[in-house]
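Input: one structure, supplied below.
Just so it is clear, A, B, C and D label the chains in written order, and each chain counts residues from 1 on its own.
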Amino acid sequence: MQAWIDTIWLVPLYSLVGAGLSLIWTPSITRKTGPRPAGYVNIFMTFLALLHSTIALVGIWGKSSQLFSLLWFSVEGLDFTFDVEVSALTVGAMVVITGINFLAQIYAVGYMEMDWGWARFYALLAFFEAGMCALSICDSLFFSYVILEILTLGTYLLVGMWYNQSLVVTGARDAFLTKRVGDLLLLMGVVSIFPLAGTWNFHLLADWAEKAEVNPVVITLILLGLLAGPMGKCAQFPLHLWLDEAMEGPLPSTILRNGVVVPTGAWVLIKIHPLLQLSVVAQQVAIAIGAATALGTVLIAIGQIDAKRALSYLVSAYMGLIFMAVGTGSIESAYLLMLSNALGAGLLVMALGSIISNNITQDLTLLGGLWSRRPISGLSFLVGMAGLGALPPFSGFWGLSSLYQSLQASRPGLAVLVLVINALLVFSLVRVFGLVWGGKPKQMTERSVEPLWLMVLPMTVLAGVVLHTPQLWTGMGLISWQSFADSWVLLLSTLVGIGLGAYIYLNEGIAKPIALPSRFIQDFFTYDFYTPQLYKFTVVGLVDIFSRLMYWFDRFFVDGLGNLFGIVTILGGESLKYSTFGQFQLYMLTMLLGVGLLVFLVFRT
Amino acid sequence: MPSTLIEPTTKLPPSTHPFAEIIHRLERGGSMLPDTEENLMQIIGLYKAYAIPMDFYWRDLLYIAERVFLDPVPAFKYFLPKEYLELANHYAGDNADLRIWRGYATAHKELLEFIEKGELKARIPKLFHHFYHDRINMEFAEECMRAMFWHRNMGGLLEPYMDSAEYKQNADRAIRAYFRDNPIMLGLYKLFPDMFIEQCRQATMYSVLGLFWEVMCPVFLEMSDIYDEGGFKGVPDAMNFLVNGIFAIAGRPIYHRVYIRGEWYDIVPKSKGFTWLYEAAFPYVEAVFYRTSPFRGTKSYNAQAREVPDDQNDFHYGILYADKFPVASAGIPPTLLHQDMYHFLPQYLVDYYQKFCRGADDMLIQLGVSFQRSMYNVTSAVIQAGRAAFLYPLDDPNPRHLWANRYYFEGQLNRFANPKYGMNKAARILAIQSQDYR
Amino acid sequence: MATIVDIAVSNPDFSTLVTAVSAANLVDALNSPGPFTVFAPVNKAFEKLPPGTITTLVQNIPQLTRILTYHVAAGRYTKNDLRGRESIPSLEGTPIDLYITAAEFEVNNATVIAADIEADNGIIHVIDTVILMRPHWFHPIMRWGKEGIKSEGVVV
Amino acid sequence: MLSTLIWLPIGGATIASFCSAKWARIVAILTSSAILFLHVLLLRQFNLGTGEFQFSENLPWLPNIGLNYTLGVDGLSLPLLVLNALLTWLVLCFDREVKERPRLFYVLILLIHAGLSGAFLALNTLLFLLFYEIELIPLYLVIAIWGSKQKNYAATKFLIFTAVSGILILAGFLGLAWVAPAPKPVFDYQSLRSLSLPVTAQIVLLLLLVAGFAIKAPFVPFHTWLPDTYVESATPVVMILGGVVAKMGTYGLFRFCVGLFPEAWSLLSPWFALWAGLGILYGAVTAIAQKDIKRMVAYSSIGHMSYVLLAAAAVTPLSLVGGIAQMVSHGLILALLFNLVGIIEKKVGTRELDVLNGLLNPLRGFPTVSALLILGGMASAGIPGMVGFIAEFLVFQGSFSKFPLPTLLAILGTGLTAVYFVILLNRTCFGKLDNKTAYYPKVLSSEKLPAFVLTTLIVFLGIQPHWLVTWSETTAQKISSRLPSNAIVQLINLQQQ
């Protein structure tokens, strides 16, 4: 058993091997046969990873965590060590990652059965899996940064999967650049904390933070930098837009992204949480960003007509809750929320994906009336909703209630906010459910069958896992029914959300689409608080104008000056168009002059 | 040596349509595809390369419709049993109802060889070929079926029939029989009957497409044989062969039956009088040649981007509009078909493609373009057949009749000139007029 | 007077039609009181069809029936009765298009070469072409062709 | 040993110039392979334990003017020598682009190689200058003969700027020899190093040298020759030019500016650091505005060379190792990018960002070239896993504690690097091929080979950076140890006031 634990670092390598093998089946290399073996190979490798991490999890269960380091390289006394923490938590995270990726990959066999880009697609999924598995056992801030940055590149490539499509191209670009902004601030934090703490090891950093005496302004700035990385990954305000645009990517990758990729940021956030105690401002910022994002994105989600986007914003909202949890030091609830999100958000995407796969449209206003013919997808969606919203006994409830209770004591205002967010979250999901499964069939939903078993099976398996999570948690002693009694208000807010949602969206009597009294407010939500425009007129516009300006300056001023200088010295090098030979002579002249000067100087002494 | 075209005795003033030249060609009995030897060679070669995977498609479609039926985990639906490989095509062989192809009625020999050895050229178990993706891409055939299933109101009586009580009764009988020993599925059926009925409708559509292609396969094979014998003088000849074929087979019954434990269950009985032309061919052309659904690799499905039309009627992503250059990129489903045809290209086409662009390296795109040409020719045949069936002869002396013909042609070609959603830009009709598009 | 069937049988020009009607077991129906308006194609009309068309139909009686019933409308309509109408519904279900002026009488793409032959249980119009059900897209396409591309006619 | 490195290519060039074109190619390939092999030997024999010069050779040449043939190699020059050998080898072995007067091309490339090796090896300021100047002649010729449309303009501009750079450096060296408190003018590097000069004199001379090397590297605002020269030069030429020749500027900065004027350098280094930070931003921002992919890559070089300046300014052992690593990594990455851009230009016939599209297309585009371009662009943008990240990170970490603000500016610069590379990749690799024009010829595998070799190195050194940094560790310590400590600098500062 110990052998499995000692070799846990193999887990990321399995999928990397798979990713490498996939290249064989890229269409420019394998021409005579198709690309599907790439998928099968990767599914197999992921299965191995899942198996290995599960066995290791059983082995490490109940034991204390094991720490060890692998030296990467060392230069000028600076050791770059890959610190590994093997604990039930980190190995458990691996199991979740490999498990969801395993299901997502099988789902993709069905969903992408007509795609010819399997090699690239599966290689990238494997790449993500490897990165995330490595991140989960990584105990070093430096390597966490490295992995996040590499995954940013992965996002660019994965969103850019269908690169022929113009919105994919811009989506990939924006995803990359937005995440990169977060990563760079994180890098600044990584670079600047080292001279102070002398280590990048999370455990040592935590020890250091306990007794550190540092300039509060400096440490606040550093912490804000460290926060920015998770903010970008978790699509928090104001770096949230990329997730919307990333929805242009293939849907099976969205399962992985919404479920586990986005929460990588939260994972790192939890890791740096001990440092947050050094700065109250940083804590406040984390809470404020989380709260604003959670409330804002859940409202945006309600304004979306695109099925995938209606879900993606909820992931931002959920991550916002985790930011609040970490900011207030409620780490346990952060972990619970993260797991709920991994399973619930993944399941929701699978359920909607099964609809999109054969009803073509993603427009919620064009869907409807599918309950009788698509009950399996519908039930899975409902289970996913129960996995996210606070609906006891299902998994979503426990994380939320843990957060609610911890906030109730310290910051009652935020506790109320959690209630509101929960109600809105549930409302938005009921809305989607009502628009897709409720009502009467429309042109695009008149014919609709449950899709291929390769999609239905992983979906139902994941639904089963979501349903059984609370049991698992009870078994692990993570949750107790006592907390239900303490947070019944939360249930109330859920019921309000469901009730209101059902009243509006499962009611034939109310005409849809629902128009808010103010067109402006409606558009404000629909168009994502006009963030794209905001970006365009601020950062993007600024860089654009500034770069043109600088280039103009460069051409006409700096270069002009140089040319002027050139003209003065050699009487117009450009305009006179010397022959090659003529210029050569000129050069010889310069050389001779130089040497003459040299000789003159030397022999004068 | 182009084949002779009709010179009408009564002449109309020249057309003012954007595709006037093509209209005039159609009015003289030509095809939308220019009549050149190169075009003839390309389209016939492609018909042959298409016919062989199609021989697999129709057999497997019928197998799925009749045997796999509602199997919840149809993991082996692409593994054709011997029975279906030997199933006699009704339009080929000695015992044909109407002998279109002079060859044999069982599965094509090149197909059988491919199934056995694949491109790996190895006699290894079928399962291995399957997992190595060294196989016919049935997914493409299923996608065509789904397009026909999802796009509604394309005419014919079958579509409304599938919503009738009679159909539901037939389906119910078959479903009960099929799941007789499976209490879980029966229980589910009790809970969600519509889910099963809908699956049954899809199975019906499998059958429809299978029966449709059962006809096209021998037609294409025969055309290839005639060409090899030197029979066609030009593109219009090839088109006219198709026109005649369409007429000859128009009355072929369309039905769906399921084989459960030694017994046939009629779901759509032959006695309903559903015909090949109205219930299969016209919807097929509409759904597959014109509409289908946007390739994910080229169009955004984002609802707010509004790239996907709100109305099924505005879908325009079929072969006639498809951009062939991204073939083999991610998200371009026709790649599956092109790969299937790639295995069966006649030697003269392989040699031909070697001479252009990147030769063997981009053959998939080159044959895709040829396929586009050949399907413009098939569409021309459908348009001409429609003209012959519902309108007037091209040499009709009555000018009013000729005007009706012209309106018909112009109306058909308007589908390629419509600026809505950029359909005019997407349509490849102008591109195929030139030999340089390849 | 004679029934529709009697008239058809007595005329050798209708021999193909009669064969088809008896193959489709429609003799009794057409002998019933009706009344019917029958658009009866002459032999030459059948000969215009490409080879194989008839073979397939004769092999498949329900399909043949469907084509034949398309040539029949319920009710007794003379040319004059039909004037001013664009179409009448056929027994098959699909409407039959009409074009009638003083000099001309056309149904779908067939020309009536002898109109208003009275029978006991209906009326016969002799046509020179076998008419086939025009699909639902036919009229929108024709309209679109007539109005030109700018009309943005949508094919339904 | 070291002399062989200089004279072997000269010998090869001489032989090649008497052969037919076909044989000249064979001679060139053999010579460059032999050189590469010698460098591998050098790497194997190099003693990592000492920061002193190794394999030294000393021959009096013109003793009365102090011009001696003194050669030596240390951890600063070694990586650059190997880079030089590698790029020359790639250019000579795999280039098929030069069809016109190939023999002359091989000869000139070998001569450039010899000149560069000489400059890196020279331990005598005059000898260095000699090589520095000599190498200009073949460089000028390769730009002017094999360049594109505006080659004459570009070559002239290059010539003028570099000549000015040479004169400035000459002036600096002469001045140094002049003020040295010795009976005869001193040009020997080792002796110069042991001198202690008045700070004011140091500053004047330092500024002369810095200006000279800043033109060569180049740093803003002396960079304007670069875009024109790089863009107009043929692909193999620009690989050498951007890959190694420019490194002479930064090499000189490390060797002569930091090495010979430690006090003045410490005094001025905050300004140099700021200069570097702004230069990085300037380069990145101007690159964003480019519409031509080759020009964009060329502009990327301006910012990226300034990382080396930042490293030099900080003069911590870590930053110096980072700086040297950055020279190597930049050489590899830039050579890769220019190689790929060259292939694209050759096949598509344009470099316009607005025209290029969809080259990732697996059948009609250039999937491998595009994939490598993505990799190269990302390496340049400092994505971990590739060599660019290692070098940049060491520079950042090494410089941060000394110059936090410029370092943060530099990090911002890597962010902007990502912006223009994403623009470049999005436009060229992503998107859809145009149905009317996209009938490009395919890329032969032999054309892709240099890119594969470079990519392998970029990834390998990114994953196993030990092989990148280990050479220069002791040398960096030695250079850094000669710098006065902060306290002394402050003292000098006070004295100045």
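As a working rule, contacts are C-beta pairs under 8 Å (C-beta built on N, C-alpha and C of every residue); 3 or more make two chains touch, one makes a residue touch a chain.
Treat the numbers as computed from the prediction; the structure is a model and nothing was measured.
Here A is the chain whose Cα centre lies closest to the centre of all protein Cα atoms. Inter-chain spacing, taken between the CA centroids of chain A and chain C, is 67 Å. For the pair chain A and chain D, the distance between mean C-alpha positions equals 37 Å. A separation of 88 Å divides the Cα centre of chain C from that of chain D. Chain A and chain B have Cα centroids separated by 42 Å.
Each of the following residues of chain B touches two or more other chains: 298, 311, 326, 328-329, 361, 364.
Contacts with at least two other chains are made by residues 358, 360-363, 432 of chain D. Inter-chain contacts, as defined above, occur between A-B, A-D, B-C, B-D. Residue ranges of chain C in contact with chain B, taken from their complex: 49-53, 55-57, 59-60, 62-67, 93, 108-109, 132-138, 140-146, 148-149, 152-156.
Interface residues of chain A facing chain D in the complex, by the touch rule stated above, are 26-28, 72-78, 145-147, 149-150, 152-153, 156-157, 160, 163-166, 168-170, 172-173, 176-177, 180-181, 184, 187-188, 191-192, 194-195, 543-544, 546-548, 550-551, 554, 558-559, 562-563, 566, 569-570, 573-574, 577-578, 580, 583-584, 586-587, 590-591, 594, 597-599, 601-603, 605. Chain contact summary for the complex, chain D toward chain B: residues 358, 360-364, 432-433, 435, 438-439, 441-442. Residues 17-18, 97-98, 153-157, 243-244, 247-253, 270-275, 278, 282, 286, 311, 313-314, 386, 389-392, 401, 404, 406-412, 414-415, 417-418, 420 of chain B are the ones touching chain C in the complex. The touching residues of chain D, when paired with chain A in their complex, are 64-66, 126, 133, 136-137, 140-141, 144-145, 152-153, 155-157, 159-161, 163-164, 166-167, 170, 174, 178, 184-185, 220-221, 223-225, 282, 285-290, 316-318, 321, 358, 360-363, 367-368, 374, 378, 383-385, 389, 393-394, 396-398, 400-401, 404, 407-408, 411-412, 414-416, 418-419, 422-423, 426, 429-432, 464-466, 469-470, 473, 476-477.
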